[in-house]
Amino acid sequence: MTESRQASAVSTQERAAADVIRIAHTVFTVTDLDASRDFYVGLLGLNVLHEEPGALYLRGVEDREWTLKLEQAPEAGVRHLAYRVRTDACLDGLVALAEREGLPYRWEEELDRPRLLRMQDPFGVPVAFYRESRTHRWLLQDYHLHRGPGLQRVDHVNVMTPDVGSMMAWYGERLGFRASELTEDEDGRIWAAWIQRRGGVHDLAMTNGAGPRLHHWAYWMPDAMSIIRACDILAGARQPERIERGPGRHGISNAFFLYVRDPDGHRIELYTSDYVTVDPDFETIRWQRDDPRRQTLWGAKTPRSWFEEGSRMEAFDGGWVALTESELKGMPSNVI
Amino acid sequence: MTESRQASAVSTQERAAADVIRIAHTVFTVTDLDASRDFYVGLLGLNVLHEEPGALYLRGVEDREWTLKLEQAPEAGVRHLAYRVRTDACLDGLVALAEREGLPYRWEEELDRPRLLRMQDPFGVPVAFYRESRTHRWLLQDYHLHRGPGLQRVDHVNVMTPDVGSMMAWYGERLGFRASELTEDEDGRIWAAWIQRRGGVHDLAMTNGAGPRLHHWAYWMPDAMSIIRACDILAGARQPERIERGPGRHGISNAFFLYVRDPDGHRIELYTSDYVTVDPDFETIRWQRDDPRRQTLWGAKTPRSWFEEGSRMEAFDGGWVALTESELKGMPSNVI
Amino acid sequence: MTESRQASAVSTQERAAADVIRIAHTVFTVTDLDASRDFYVGLLGLNVLHEEPGALYLRGVEDREWTLKLEQAPEAGVRHLAYRVRTDACLDGLVALAEREGLPYRWEEELDRPRLLRMQDPFGVPVAFYRESRTHRWLLQDYHLHRGPGLQRVDHVNVMTPDVGSMMAWYGERLGFRASELTEDEDGRIWAAWIQRRGGVHDLAMTNGAGPRLHHWAYWMPDAMSIIRACDILAGARQPERIERGPGRHGISNAFFLYVRDPDGHRIELYTSDYVTVDPDFETIRWQRDDPRRQTLWGAKTPRSWFEEGSRMEAFDGGWVALTESELKGMPSNVI
Amino acid sequence: MTESRQASAVSTQERAAADVIRIAHTVFTVTDLDASRDFYVGLLGLNVLHEEPGALYLRGVEDREWTLKLEQAPEAGVRHLAYRVRTDACLDGLVALAEREGLPYRWEEELDRPRLLRMQDPFGVPVAFYRESRTHRWLLQDYHLHRGPGLQRVDHVNVMTPDVGSMMAWYGERLGFRASELTEDEDGRIWAAWIQRRGGVHDLAMTNGAGPRLHHWAYWMPDAMSIIRACDILAGARQPERIERGPGRHGISNAFFLYVRDPDGHRIELYTSDYVTVDPDFETIRWQRDDPRRQTLWGAKTPRSWFEEGSRMEAFDGGWVALTESELKGMPSNVI
């Protein structure tokens, strides 16, 4: 009977916790805010929603809240990855989850968001959840104010972790994420996974590697030509080396993509043209790790840095989360 | 007590009924199937999933089921508009709703869908709901097989009705649709509404006019250039008159759009680049009816036919649903 | 013998005169330079090469010289249309031509061009010819500096005249222009002509109407999407009414086009994707005036203003050239 | 006196010979015509103008004559590169040039061209010149017939030669080609050159290497997106390995480009968005060989095969022209 009640309680909490809407924003620390501003605002054309000494709050033209905060700091890293949830009950459910699983958590506030639940997930990733956010008039139809390639809205985040399989299972079981695609080897071990809440291809992707680290933060682009324009702009500014990979088309997600690195090495993906996953019978697409179509349906080979480098993440009590190596070693064949 | 129980029962039914996922497919009757094939397959490049004497089942490259059936018939019209639902319980809830509200309904089957609940909504629209559908391998990444402008997936349907306000309320209260945008006049009367379940701008739009009639059926396009290509192809085939309106950009939805008319006059919209509405605090955007930015952020004036013409819809017991005139008369100022 | 010598002399002069390279620049007078700057620089994104009190010198990103001068003046009009020639001998030949035909001419200078031969052609058009121009580093590959839709380079000019046939013949015989396309009626009367020196579709187009007036000045755009972007930008700035016609695709020239009107009503065409005419056996494409494919392969009907309005041109001795009505009256059928 | 007369004669011949209009067509031998047809027609979408046993005559949608002949043969190679000339006198001038310089030549005919002057240039390249060609109705505005990425028209040819400097000088002095861009090292040795007759960036490019060989044959594309579409189509057909390099943007020419290899290894460039060079004071753009912006303003590193591989060329008396190694060895730094 107690067991049954507990199960029932868990189930209610789970249901509440499952009401994550979407990936929503992140906070990067950067070592030279002026250089970062030149890159994100001057070249990529992100829009400054708010500015204060030592920090910039940026957004795409469709974003009605800030989606990327840049914070001047001695070292570059990621403070947290934040998800928007539907109800306050969902936040309560997340607290219950944290307590049940022994995950550290605390309440914080940040600009425009009075009540942010910060916790560290079992894989060391600093995540945050919030319901309430002040929204701002978007710039979507203010085309005369769009600058650069016109980044549109936050799309997804990709995290490097040594145990993709477990992390995928945890986000699925606890938070109701569904896998749209995954990469496995012939032994059935999962090397990467794309999971979603919003009905698109992914809110969160996980890539095998020493972790937790941020692999990349992604913005949705209006079309492939705006991604080509990003390349032209970076080349015009004599910074083509900021392009790490692409443009090309992913097999996974079918997206037209470009990866760029900011002055601190944080990786940003410009991403467009994936597909819809709202149907309950959408079957997870499973790719073999060495299928060359997986990473790039077409496109140049992937540089080694793209597999090996990522941004470290802030530990719950300060400093950086220690990295754990992955037991899965090796790289796909189409790497240079 | 009885009342309370009923209320509770309704509430459970409503919750079940609310689990409509998205608009999913339609069936058009056409008077010359060969001419329709030339238009939909030969020019628009829709893909034939199945063919039988007197009927074609078509889909876009991302669609995993057929989304448009063309059926040879003596007269052109629309047999039904079909929505996909999440669970069988949802279908049961819809039956309960139909019985409670006295809406005619019956179970049907169609190709790939063994159990389709057909009913007539209170506004005379023949709608259908189904959970199960056989899915097919999509053509999304078979770019070598894409033809014409490359229609990607079903996006939404637009229905003409003399009482937009009531219809919006009914779909909202009974089926959980949320309004992303609406058009009202200075007296607060609603002339048009865009409502959604899927997290996009709309699954269903309603436009004031004698109804019920189909205003248009819409496909999502990969980008604006593919819509330009549709124009070029129609012009190349010496059928530019099939273009009724556009290309242009809507104020409402922000979409880049084109309206074409098939050989029977059925109206198809090619549509791309709208926005995401998953946030619970997304506030309905309200436009004044005479705001010139509403219909076309930019673009040529709208021809009168676009406001006046639509496809009639099949009555539950056969024949066509009789039209009811709207009490709201008049047109926006930017009509030619 | 004298006659023969004269013929020979003429022939030599003609050969020299024939070495016009291309249409090169124009000078507009405008009544509110700030408003014009907002339009041309702020919205269209033309680049300021030089600025002086009361005047702006603008260019596209590929232009190595200024191609549009805006000059503050009490009344709006066009000072001259200027062509670049290959040699000084060509300028001498043009002087001989002017003297032989009694055309007024004088030498002028303007910024970056020390020696400009200004004359009035037999149809009242103020034209100028020059060989030497100071060139500037282009901005073609400085993509980070491109603004707005990214106008690339001057493409052509279109002049309204009551006698298209004679004007086409004169530019052909005297200056070696070749017709790529023309519009005629069933009586063989020429309503419009597109003639070229540069190997493209046209440097100079002539349209039937009271003249001489400027119909439009055109810039080459990188692609159709940059023209769509121009529409979006004008709409974003709440100035969609500056779009007079388009976007669409011309039958003539096959170009994807947009016509916009500046604050004084000067008409600018944004133009792209025509074809090459360098082959000597390229046969002039002849269109019947009422062929609906001619003006717009596809696109909305043409507003009446597009046929009726133009910018007046400066007379050789000051003031404006008096207009001559055309005997050819009427409009194509696809006008609104 | 004799010397003076000879000089005068030469000068007249030179003037005549200088009237080359543009690069016009080529003939490839291929070892499996069906495989080549699948590639050129089925995937790239070139249009079959004529077909005969063992040969296909292809063209882009703007081409009014065939521009690529594929000929079944035991070995793959290039029969000739053909230029169109303005007059028969030009052909006579070219014969005089051949005799004066001891270049082998003969008259041939091919489909649609009754009189083709074939010769071998001093660098071993089999070139052909012709004035008369039967022209065909183009497909430019038959958009409904365009297939695949829509190759538009022949743009240029690129030849590998061990002596770029001499070859550039010969084509300049004898045939009036002008250099738009060139690559040199710190010792002033020329590694590559882009020379033109038509007023674009190049009709003929020369790249340092063992030669003579064909480096690539290039078609003009309507826009960058059509090049992206070519990538998607090749990937869809599971042939992404046919993409050798790109997409990217060249520093030289500013073109957006893609290089693909046909089933025999012949290299085709899809190319768009360069600039105009008709002005006589257009100064040759000179790049340092190790300037990374030169090859790719942005884009992935260039594979070694792109520098090393090319198609051999037919010798005047049959067989293949023997290759001469270049004394300039080494590669740019951005090669993988």
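Letters are used for the chains, namely A, B, C and D, taken in the order the chains are written, and counting of residues starts over at 1 for each.
Just so we're on the same page, a contact is a pair of C-beta atoms (placed from the backbone, for glycine too) under 8 Å apart; a residue touches a chain by one contact, two chains touch by 3 or more.
If you want to know which protein each chain is, UniProt gives these names: A, B, C, D = 3,4-dihydroxyphenylacetate 2,3-dioxygenase.
Computed from a predicted model, the values in this text were never measured in an experiment.
The chain with its C-alpha centre at the largest distance from the centre of subunit B is D. Note: Cα superposition of subunit B onto subunit C, rotation of 180 degrees, nearest 5.
We define each chain's centre as the mean of its Cα atoms; on that basis subunit A and subunit D are separated by 46 Å. Look at where the CA atoms of subunit A average out and do the same for subunit B: the two points lie 33 Å apart. For subunit B, residues that reach two or more other chains under the stated contact definition are 141, 223-225, 232, 234-236, 297. Taken pairwise by the contact criterion, the protein chains are fully connected, each one touching every other. Interface residues of subunit C facing subunit D in the complex, by the touch rule stated above, are 21-22, 62, 64, 84, 86-87, 133, 135, 140-141, 153, 198-199, 222-225, 251, 254, 273, 275-276, 278-281, 283, 297.
Put simply, subunit C touches subunit A in their complex at residues 42-43, 141-146, 223, 225, 229, 232-237. Note for the complex: subunit D touches subunit A at residues 224-225, 228, 231-232, 234-236, 238, 240, 243, 247-249, 256, 292-293, 296-301, 336.
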